Structure formats: structure tokens, C-alpha cells
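We call the chains A, B, C and D, going by the order they appear; numbering starts again at 1 in every chain.
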Amino acid sequence: MRFPEWLRGVSSLRDPRLRHAVLTLLLLATGGLLVLAAAAPALARHAKGAPVVLGGCAAASVLIAAGAVGGLLGGPDALDLPFGPPWGPARVAIDALSAWFLLILGLAGTAASIFALGSLHGPEAPRRLLPYPLFLAGMAVTLLAADGFTLLLGFEAMSLASWVLVAHEHEEEEANRRAARIYLGFAGFGGLSLMLAFGVLAGGAGDVAFAALREAPPDGWRAALVLALVLAGAGSKAGLAPLHVWLPLAHPAAPSHVSALMSGAMTKVAIYVLARFAFDLMGSAQPLWLGAPLVALGAASAVIGALRANLEEDIKTLLACSTIENVGLISIGLGLALAFRGADLPALAALAAGAALLHALNHAVFKTLLFLAAGEVLHGALSRRIDRLGGLIHRMPVTAWAALAGVAAAASLPPLSGFASEWLLLQALLASWRVGDLAFQMGAAAATALAALAAALAAAAMVRFWGLVFLGRPRTPRAAGAEEGGRLVQAALILPAALTVLFGLLPGVMLDLAEPALRLMTRAAAPRAGFVAIGAAEGGARYWPLLVALLLAAAVGAVVWAVRRRAPAGVARGPIWDCGFIAAPHHLPFGDPSSQPTASGFGQPLRRMLGTSLLAAREGVTMPPPGATAPAVLQSGFHDPALVALEGPVPRWRDAAAAQAERLRDLSIRQCLGLTFGAVVLMLALLAWLEAR
Amino acid sequence: MAVVWSILSQALHIALIVAAAPVLTGVLRWLKARMMGRRGAHPLQPVWDLLKLLRKTPVLAENASVVSRAAPYLTAGAAVAAAALVPSFARGMALAPLSDLIVVAGLLALGRVAMALAGMDVGTPFGGLGAAREMSFAALAEPALVVAALSLAILAGTTNLDAIAGAFREGGLGLRVSLGLALVAMLAVAVAENARIPVDNPATHLELTMVHEAMILEASGRHLALWDFAAMLRLTLWLALLSAVFLPLGQAPAGAGPHLWIVGLAAWLAKMGALALALAAFESAIAKMRVFRVPEFLGAALLLGLLGAVLLFVSTGLT
Amino acid sequence: MSFGQLGYDVAHLLGGGVLLLSFVLLYQRRIGAVINAFATQGTLLALAAAWQAHAQGAPGLYLTAVLAFAAKGVLIPLALHAIVRRLNLHRSVETALGVGLSMTAGVALVGLSILVVLPATEGARALAREDVALALSVVLLGMLMMITRRNAISQVIGLLSLENGLILAAIGVAGMPLVVELSTAALVLMVAVVAGVFAFQIRERFDTLDTGSLEEHRGEGR
Amino acid sequence: MPLQWAIVFFAWGGAVALAAVPRLRTATLVNVGVSAVSFLLAVALALQPFAQHGWTRTDALNTPFILVSAFVGLTTSVFSAATLDQEGFDHWRIRAYHAAYQVFMGAQTLALLADNLGVMWVAIEIATLATVSMVAVHRTPAAFEAAWKFFILCGVGIALALFGTIVLYLAAQPLLHEETGLSWAALMGVAARCDPNTLNLAFAFLLLGYGTKAGLVPLHSWLPDAHAEGPVPISAVLSGLLLNAAMLAVLRAKSIVGANPDAIAPGPFLIALGLASVLLASVSLWRRRDARRFFGWSSIEHMGIVAFAFGLGGAAANLAGLLHLVGHSVIKSAVFFGVGRAAQAKGSQKIADISGLVATHPALGWGLAFAIAGIAGMPPFLLFASEFRLLTAAAAEAPWLALALVAGMVMALAALITVLQALCFGPPTSDAAGALDGWREAAAAAPLWLHLAVATLLGLAMPGALAAMLAEAARIIG
């Protein structure tokens, strides 16, 4: 008996009035967010204004999460709003799929809002306060939408609001302005692509209500075109390669709690749009190859993202790159689910889809946690650069340990949440050979290797992140003087950390909770594996996180017991054996930073192994002359090929075209008249020709 | 009754493998010394070393955090937990349902991460250097292992080690070229994971080449003992894994009584001895490669694994 | 009325005259002569309008005729002469298409307009069809003149003769409502143009009337 | 006097009166008053049932645009009241400016109201004449160049339109008696029986003639310069209103030709001109250094989108086109308010000289930022709805054309964002003279925000009556 089923069994949950209540609750929460946004400029003037707004956001997020659970336990429901575009009402609805992502949004939003509330210092500028509720509301609208217009309305509102937040430090740095510019450009591009996708999907009827779209699923080149457009639109928003370039620029530029939402929730909203199209709107009778591009792009994103995470030296950029990696893994799962469904293997399709959904949830939670921790580090040690941090575990223990939970999950270590979902994903990949097609089998085998590579690279990146930031010795006085945040901030860090552990130990429960969503996507349920386990297939491999955790605890306990019996307690303290480095000079009371591994130094092995080929990485060591005490300096750098392409050839073509167009503009009045004259003569000649025929 | 047997066998297995770990390392060193023409230390020397280290009080750097103190226990614990899952002389042990290949890999990764963090704790150059190299090599070893697991999963239909061993024991799979390729891939991974020649030299402390030793350079006393013990256990685990999957001869089937365990035990000891001999011969035959040649080594393993999988696709497609 | 009747012939004759003068304008180089040719064209247009008024029995067209004569035959040419004298340009000879070239281009345009109009207007009366064809030719020739001349005044004259073509078309279509109003409005536009060039040239005191000299003054430069 | 004419002649009467008022303050206030009354009259007219009255008619097609033009006229007069002294006019030019403004408004309304194509032609010509003088009013060489080009090119364009009108009558002549010979309604009635070839000829000239006024490539050369010189309010109404009148004229012509099955299909021509406009503008935007010229080019792009929509035809695309016209009027005039005010404050309309507006003038800066985002098609403004409708329709009808259109739109979007950030973000540049006192600064920013609010309202909660009217109009033009 699955856990949520007895809950679902409760008849009152099937009561339609309750479903209405759930949808109404969600709409009220969204409306409340909009009201907060409207009131923000006025409230910003008062000292208590900002706390009211952010507290309201937290409350609304909790409501959204609650409503999402209600939606998952109850049934679907739909509603037409009294307003909307000039040609009809805006339709909203909730079903299992949107409810699952609303749960993600609610959890991430709660943590982020509490963090923002806790890190308030004095009044907040309206331009930082107003867009935040709008951002949350935009995501909620996207998830609740039941027609193309409403969905895109929320999608673009989300982009616009977050753009204002990305640009919040526009006066200081050109880099932030560039990030905001590229970000909004990609947002607009994505929106236009999705508009086209809806158009192609709607066909002649032109009705973009989901109900109508489901009636006429596309086939042949139309299906391909829709998928391509959705990948361009939603994929660019989610950060799928090669349209991921904006993400490592924009996510770090925003305030930390917004970065957390962008990485944790916004990319998931984009994933939701992808899934809504591929699994719901395009109908279930799609061929096998429909999943192939998702798998390929996903694998590419996973590797690129994880590798970049090993080379970046700014902690928020590092985390953003790891987001790209996880989005890639999720997209592999979705692609496999599509392929399995096309090959008529519903159970495996449910397995892959379950892996994707579960990983979306887990990533949302631990990435929110990590970004919030990064924000706290930035606030405590006043820097995002790894080479200016270090040794923070001594000054900020709560942040450090909370971050460790997230790091372990991101490194997919058992028994934390990341491992559970990646275990499912690997099982799905290992089963992908059951799809008959040989080409797909080979591709899937390669994807398996790449996924494993990405996971291991992510582990390396996370060790680098946590080890260099929290361990070792402070690299700057400011890092040595870092301070822990307030209670609310700590709560905002501990909440997602606890969820990470919890979801890690009870993935089966979450999978059961997601079951209606899986049915909606694949017409099948994830393989049953009992209460505390998740399973690959009926009678296949199983993963029992609780038991594994117990075993681990028992083993560690046994080791401790055994050692304690023979070994003397306590330790002696002594100076570091610093490999023969001379003692640090007096102006470096915290030891000589240059005798510690640097960010680029730690990334060296992977930069040499993979970076040179994949990211055109380069490095040069300048050695001091013999006898000098100056440290050797390692310079290194890399280019993301996609960004190079975006800022290289594309502008060149544009400028070439513009140069040609300018020639037209530089015409004299006579030549302009010549244009008109030419147009007239051409038109007349055309008419004469038409009449002659 | 079967339950009792399974629990008994599990307990026996854990005791066996924990006891075997230092002895195996000792034997391995002794064999290598013999092959190199030295007399070599007594095979039990590692046991005595461990006991000696346990008695000593560890010295920690002033700025060492709790990580330095907790990591050794976690790594050793993870190694024990992983080792408990790999079938040795009998199948159907109590923890058999948990013995998933990927879970084992995950537990080993857990230990590895703990070791890397311990290496970075006090912020000495070597610790960071070793951690960086260790994680990088692991990043390349992981896909090779998973691809090898792909072949096994295709043949056995699951990644559960117990089931795989069973399938290879009973299911007349015969000799398959793809299995051989998978074996090669897993051997390469094992070599890398255990910091053996040619990837790393367990006996050296030469800065530029060492990986594993660099991380635990700061460790001493019981911590060092735990590190060494974890390393020995990992080696034993890998050899056990290889023998369980690729030479499942003599293994006692699930639910079998003690009388069959004797056979399994003897077979297992023989297999481990043979593998140790092979490893010793291999290590004394070749030299350690440059650090940045390792990717090629592991990349080749990965490609071999992929090749094996592809061949399997073809054969499954044909049949 | 159809071919061979007096009304038709006279209307045809006058329209042809207007067209002929467009050709003259097209290759005439000396500015003064251009203005005179334009004056003649205006007068002919006025006659054509008057004749149409008589032929169609539409008294309103007499007004059009008077306006056309007064403005195009007398006032505007005088004003243009004044500008020319003020800026002493009457000597200036400017590049225009050579006779041969302008003839060929013009004939080609006339051919095009006939090709377009005649099949396009099968429904209408022969006179109207002829008239529209001629008018279209005049319009096209006017535009051709505008784009082949650099001199602002010649350009204005081109626009004016283009507009003559419009009036020619308007009066040719029997029973066209508002024809007087439209032609008047068009006339106002033209007068405004002349006033514009007047005010503009005088105020600017460009040493040349070459519109090319304006191009340097485009906002935001090149 | 019927309401239709009352609106027109009230504005023109106001023009006469304003020509006699030399004082700036009184003149601006009278101007606002006249515009306000015209707005009320327009609302009253919109509340009346549709009717045809002599040369004028009110139908679903022109009523929304009459409302829009009256509204924009009112807000523009408010803006000009707040900022006119920045233009530094002497009292002659104050008279001329206000007179020309009201003459333009009257002519604009007449052009929208006209049922008789001849009257429409005359009205558009009057509107042109009224604005030309205003474009040149600053008497700089650049202003003269812009005015001269505007004048000559539009003169030729209008002439072509007149020829087209005449030929159109020629086509209908056998079927109609004289007085109704140019009535659009009557022509629609008999269009099916007219000689198709004559209709083709007429359409060719009407399209090119009024297309010049609408600034469609390749007839666009006058537009950017004309929108960039002259007083800011004139730019606002030129870009916001006159283009609508021209586009509506094109629509009337298209609907007549479209009503005849044997005539050429007008759609492809509009699509071709529209695509050309979008693509050319989308690249030309990248070369602009002058803020107001930049948004002139953006008007070309949007007119191209509209032409594309009408060329596509069908209820959905036509509705999209009409919505786009309305939204463009409201938002683009708002953009010109913002840019114009910014240029006055910074003492230059070069993009390089304006920066960091949100820091120095928060209300103006953020208003401008969102207005530009709205022009770029971001929600919640009306242009988002219209672009959604257009692209969904286009992708369903002709996916590949839609892709080309989107390519242009993305390029233009990127340019708009770049300029948006250049103007509003970054380290603020120092203000030149021209700081206004408090309430006038507010009055200068208020129209901008009002327009944004209206655009949002129209985009997300358009009044049912208006929406029904536009849907009906989309059906009318077929």
C-alpha cells in the first residue's frame, strides 16, 4: 500500500469542491503576490515595509506548496478567469504535472523568501523589492496556465521581473549590465519561439487552449518543428546547451535569494514547459526519436556544465554551471521517457520520467540551499571569489554544515537526495538498450557514459567548492573576520538542508506522491518498490536509502567503537607541516595564502584532461627566478564555445547586414525618390505582366 | 532457517573481509618484494602496523577542523559498509537486496569525498593537490565503471551484485567477448580507485607523482591507521567484486547451508590469492605512468567498456 | 463619343500636348526654359479642363480650369522666375538626361503606362482610357524628372508636372465627384511646396540649389 | 452639426483660436482644454450607434482608432503643456505650433472618419502639411533636411494615392452614380462587379501612396528623420497617430480589392512590404546613435509587422494587426514622451549622452524602461497580446514566413534591449539645464505612466465592447 494512497483514498480529497478550493487557494496566493508587488513601492518607504512584503512572499510560497500537495493528492481542476487577452478569457488549471512543479516553486520560494527576510538591513530599494513578488507570481502563473497565452504571459513576466533583479547593480559594473542585456535578449527570444511553437501546434484552428491543443496532436515535420521551437524557447530558459550561455552570467548577477530562485525554481518552470509540450500537448502517439534530441542536448549540457563548474572561480557562477549540469540530467530523463513511451515501454518511461521529476525536486531544494549559502558567504566574507575566501567553517559553522548537506547531495553521495534521483536516472539509462533501435542504443550508451562523467565531475566541483571556501586557511583578512548570519538566515539554510536529507531518505514517498504526474506523462506508474525503496523495474535492482543509511551508520559506529577500544582518546595539536614553505611574513597573520591551493590550481587536472579539448582552456605558469621567494603564478582561462559563437560571428553577420542597410539610408533625396519610382514601375510592370497572362 | 543462514553468512562475510584486508595487502607486498628479488616483510606486517598506529596519539594542525577528525571514521565506515555488500563466498546474504553495484560505487565515492575534504582541511598545498587529482581521476573512472555495469546489466538484467553473480553462476552465459571488455574496463577502474601502479604508487612519497598519499600526509596515529585500513579494505573489496562477478565459481548459492560455505570459502581464498598474484606480477612488470597520462589510460578503459556494450547490442539485436 | 469625333479629338490633342511638354521638361536643360515649358503645360492643362467641362457639361470643371491657369500658367511660374532671379540662377545649365536618352526613357514609360492602362480599363469609355493613359505617362515622366535633376527648383517643377498629370486624370474621368475640391487641394499642396522651397532656399542662403548640399546636414551624420 | 463634423471643426476652430494666443502658459492650457473636449466628443461619438453620414461614417474599423487618437492627442497636449518651454519658442512659433497641432488633430480625426476616399485623401494631405512646418520649426539644417525629405517624398506619395483614388472611381464609374462614386461603403458594395484589372491598378497606386505615409520599406526614407526633428509632441503624434491613419487607408483599399474575387490577392504585396520593413529596420536599428531616430526606425519595424498581419489576413491575423496598431500608438507615443523628456533633461538626444536615467529620474527612467520593454513585445502590455496572436496565426498559416518574421523581431528586440539599458541603466550622465519644477516634472512623466497603464489594461482586460468592436473590424477587412 503506497503511502499517499490511503490519503488519496480519503473520499473528501476526491470531492470536487475541495479541488476548487485547492485551485482557488493557489490563485489567491498568486493574486496576493501581485498585490504585494503593487504595494511594494509605497511600502518601501516605511521601515516595516520590506519585511511585510518579503514575509508575505514567504507565506504565499508556503500556501503554494500546500496547494501543490493538495493538487497532487486531489484531482485536476480548471477555471476560466474573468479577464484575459482581447480575444477570450485566460484559462487556468491544475493537474498533477503542474502541481509537482508548484511544489518545487513553493519550497524554493519559502526558503528564498525567509533568507531575504533574514538578510534585510534597513529599508530596501523599491527596484529590489517590487520585482521579487512579481517574479514568484510569474512562475506561479506559468505553472497554473491552461492556455498558451496565459502560459507565455507568466513566462515573460517571470523573465522581465527577474531581469530587473539581475540588473539591480547596473550602476556599478558593466558585467552586470551585459548579463542583464543577454538575459533579457534570450528571454525575448524564448518567448517568441514558444509563440511560434503554440502556433504550429494549434494549426489552422488557432485555438491555443490546452484542451484544444490536445485534440490535434502534430505529426511528421510539424512535430519536429514544434519540438525544435520548444527546445529553443523553454530549453534556452532552462539552460540547455548550446543556449545556456546567459545562465552563468545572469544567475550570479542577481541578489542571492533571487539567484537561488532562478536556479532552483525558474529553470524548473522552463523544464515544466518542456514537459508540458512533449508529454501532454503533443499527444502520446509520438515516435521514438522525439526523445533523442533531449537526450543528446541533455548529455552535452551535463558535461559542459559540470566541467565549467570545475573551472569557474566565482562561487555563484560555479553553482550556476552546476545548475546547467543538473538541468542536463533532468532533460536526459525526460528524453528517455519520451523514447521509452515511443517504443511502447510504459513502465520504463515512468521510471525515466520519475527520475527526471525527482531530480527536478531534489535539485531545486539543494541548489536553493547552496545559493543561499553562497549568499551568506558573500554577506559574511564580502566576496564571491574563491581565492578571497577559505577557512569559513571556523567562523560560519551553521552555513558550512548546511552547505555540506547540499554539496553532498549535488555530488550525488548516498544517502542524500541527489544520489536517489541519479540512481533512478542511471537505472533508466542502463535499461535504455531495451529500445530496439540500434542507433538509439549506441547513443544511449554514450549518454550513459556522459551522465556518469557529469555526475563524477559534479562531485569534483562540489569538493572544490566546499573545500576551498570552508576549509583551509582564510585567504583574506575579511574572510578571517567573517560572521554567521542571523537566526532567520540560519533557519532559511537549515530548512532546505533538512529537506535534502529527508528527500534523500524517503525518495519512495516522493515518487509515490508524483505518481499521478507520471501517469499523466506516460500513462503508467513508476515500478512499485515498497515503502522505503525505489526500484528500477518489477523485480529489478532496488535502492533502500533508509537501510543503506542505517548500514552506514552502523559501520561508522562499529569503527568508532573498535578504535575507541584500542586507541587513546584526544589529539595533540601542532603547527602545520607546510611542505617546507618558509613561515608567513608578518603582514600575513593568517598564513601565506599563496601556500594554499588556489581555485585555478585545484581545477588544473581537469582543465588539462578535458578543458583544453572541450572549453579551449589554456594555462601558463610563470616561475620566479631561482632563489626568489615569490610564488609561482598560474594563469588560466577558458572560453565557452557557445558564448564565443554568440559574441563572435553573430554580431559580425549582424553588422555586415547593418552596413549594407546603412547604404540604403545614406541615399540622397533623389535616390529615395528613385526607390519610390522604382517601386511604382516595378508594380506597374508586374500588373502589365499579370494582365498579359 | 534460510533467514538465520543469511544473517550468519553476512556476519561471517563481514568478519572475513575485514580480517582479510590487511592480510591481503601484506601478501601483495610480500609477493611484489619476492618478484623484485627482495625478501620482503612478513605478510602480517600491515596488521602490526595498524595496531601500532592505533596506540599513538594523532597530531593535528592548529587550524584543523572537525572534518579532519570525523573524515577517517566516515571513510572507513563507508568502506566497511561497501565491503559488506559485495558477495564473497556465498550469495543470498542478509544484505543481498542492498548490494547494488551503483550503491557500492556511491559508498566508495562517499569515502573518497571525505578523504579529499580531509586532505583540504588544513590548507596545505599537498592536500589540495592530492584531492584535485583524486577527484579528477575518479571523474574519469566513474564512467568506465558505469559502462562496464551497462554490459553486466544487459546480461543479468539488473545491477544487483548478488543477482549478477547468480546470473553468471547459473545462467549459461558462456564466454562473451563483451564480458571480457567489461572485465578490462573494471580492472582499469580498480587500479585507479586503489591508487595502484601505473596510476599511483602506494609505496612512494614523491610529491610530484603521489595522489592518495598526498591527501593523508597530515594524518597520524589512529587517523592514519583508519586511512590505511580503509585503503586496504577498498582493495580487498575490488578484488572480491571482480572475482564475484567474473569468476563466480564455487560460490555457495542463496539459502545454502554451511557445508557449501566451506567450498565457497576455499574457492574465494583461492581466487583472491590468484588475483593478488596477478596484480603483483602486473605491478612489478610495468612502471608508473605520468599523472597526465592517466586520463588516456582511463579513457581507453571507457572506450573498451563502450565497445563491449555496443557488441552486446549487436548480438542482442541479432538473436 | 468615340474615335473620329471632334470632342474626342480635341481632348486627345490637349492631353497629347500635356504629355509632349512633359518630354520637353524632361530634356530641357536651361532653368528658365524649364519654367516656361511648365507654364505652357499648365495652360494646356487648363484648356483641357475647360474642354472637358464643355464636353461633359460639368460647370465645376471651368473652375478647375481657371484655377489651373491662374496658378500653373501664371503665378507659380512667376514665383519660380522670381526665385531664379533672386538667386541669379537663370544662367545655370544643369545636367539632365540627353535628348536621346530622355526620349527613350520617356517612350518606354509611356509604353508601360499604355500597356497597363488600356487592358485595365476596358470597362470605361475610350476617352477616359486615353486620358488615364496619358495622365499616367505624365505622372511617370514627372517622377523621372524629379530623380534626374539635382536642382531643387527643377525637382519642384517635376513634382508640379506630376500633379498636372493627376489633374489630367481627374478631369478625364467623367462624373468624378469632388474633382474640383481634389484638384484645389492638390493645388494647395503644390503652392505649399513652392512656398516651402521659397522660404527654405531664401532662409538658408545656400550658394547652390543643389539638394546634394542638404545631405551633409542629415541628423546623426553618416 | 452632426457629431462627426463637430469633432473635426471644433479642433480646427481651436486651431484658429490658438493662432491668436501668444502667451505660452495660456496657449498650452487652451490646447489641453481643446484636446480634452475633443476627447469627450470622441467618447460621445463612440457611444453612438454606427452610422454613415454624408462623407463620413463610423464603423467598427475606425471607432477604436478615433478613441485612441483623441486619447493620445489629449495626453500629448498635457505632455507638451509640461515641457514646451524646453523647446525655446518665440511667440510666433508658439502660435504656429499650437495651431498646427490642432489642425493636425482635426485632420487626423477626419482621415479616420472619412467614408469618402477623396475626403480621406484631403484630410491626410492636410495632416501632412500641418506637420511638415512643425518638423522644420527648429530651423536647424538637420530639421530642414528632414522636413524637405518628408515633404517631397510624402508629396509624391500623396500624389500617387490621389491617382489611385481616381482610378478606383474609374473602376466603379459604370456601376455607381456620381455622388457615391468615392464612398467606401458603396465601393465595397459593387467591388465584386467592378473590372478587376482597374481595381488592381488602383490598388497598386493606393498601396504605394498610402504605404509611403505608413513608412513601409522601400518608401520609408522620410520617416526616421521626420520623427527625430521637431518638437517632441509632434514626434509622438506623427509616430502614434498619422501612421494609423495611413495604415487604415491602406486597409480600406485592401478590403475593396479583396472583395473582388478576380482581382489580384492584395495579401502577398502587404506581406512582402511588411517583411522587408521588419528585416531592414531590425538591422538598421543597430546603427543608430540618435535616440529619437532609433525609435523612428522601430516604428518602421512595427508598421512592417502590422502590414504582415493584414497581408496574412483571416480573423486572427487581422485582429492581431489591429491590436498591434492600437498598442503601437499608445506605447510608442509613451516612448517618445520618455525619450523626448530625457533628451531635454540631458540636453542631447544622442544615445551616448543619455545614461542612468533610473538613478537620476526614477519615475521617468523606469517608465521609459517599461515602455521600451513594451515596444519590444514584453508583457503585460498590449503589444505582447498582439504579437502572440500574430505569431500563433502566422505559424499556423505559413510557418516559414513566420520564422523569417521572428528572425527580424529577435534582432530588433536585441537592439531595443541594448538601447533600453544604455538609456536607463549604467552610471548616470550629468543633467544639462532644463530641470522642471516638481509638478511639471510629474506632469511630464504622468502621460507616460498613464499610457503604460492603458496598454496593460488593453492587453489583459480589454473592455468587452472594444474587444467586440475590434473583432468585428477584423471581420470587415476580411
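Everything below uses one rule, namely that a residue touches a chain if its C-beta (ideal position, glycine included) is under 8 Å from a C-beta of that chain, and two chains touch if they have at least 3 such contacts.
Fair warning: this is a prediction, and the values are worked out from it, not measured in the lab.
More contacting C-beta pairs link the chains of A-D than the other of the two pairs C-D and A-D. Each chain gets a centre from its C-alpha atoms; the one nearest the centre of all protein C-alpha atoms is A. Chain geometry summary: the mean Cα position of subunit C and that of subunit D are 31 Å apart. Computed from the mean C-alpha positions, the centre of subunit A lies at a distance of 43 Å from the centre of subunit D.
A straight line joining the Cα centres of subunit B and subunit C is 99 Å long. For this pair, subunit A with subunit C, the centres built from the Cα atoms lie 69 Å apart. Multi-chain contact residues of subunit A (touching two or more other chains): 669, 673, 676, 680, 684, 687, 691.
In subunit D, the residues that reach two or more other chains under the touch definition are 148, 152, 156, 160, 197, 200-201. Not a single residue position of subunit B touches two or more of the other chains.
Contacting chain pairs in the structure are A-B, A-C, A-D, C-D. Against subunit D, in their complex, subunit A makes its touches with residues 83-87, 90, 127, 148-149, 152-153, 156-157, 159-160, 167, 170-171, 174, 177, 180-181, 184-185, 188-189, 191-193, 195-200, 202-206, 208, 225, 654-655, 657-662, 664-665, 667, 669, 672-673, 675-676, 678-680, 683-684, 687, 690-691. Residues 116-117, 119-124, 128, 132, 135-136, 139, 143, 146, 155, 159, 162-163, 165-166, 169-170, 173-178, 181-182, 185-186, 188-189, 192-193, 196, 200, 203-204, 211, 214-220 of subunit C are the ones touching subunit D in the complex. Contact residues of subunit A toward subunit B in the complex are 390-391, 393-394, 408, 411-414, 419, 423, 426-427, 429-431, 433, 436, 438, 441-442, 445-446, 448-453, 455-457, 459-460, 462-464, 466-468, 471-473, 536, 540-544, 547-548, 551-552, 554-560, 563, 566-568, 570-579, 581, 591, 595-597, 601-606, 608-610. Touching subunit A in their complex are the following residues of subunit D: 148-149, 152-153, 156-157, 160, 197, 200-201, 204-205, 207-208, 212, 218-219, 221-222, 224, 264, 280, 283-284, 286-287, 316, 319, 323, 356, 358-359, 366, 373, 376-380, 382, 384-385, 387-389, 391-397, 399, 402-403, 406, 409-411, 413-414, 417-418, 421, 425-428, 458-462, 466-467, 470-471.
Per the touch definition, subunit C reaches subunit A in the complex via residues 109, 112-113, 115-116, 119-120, 140, 143-144, 146-150, 155, 211-212, 214-215, 222.
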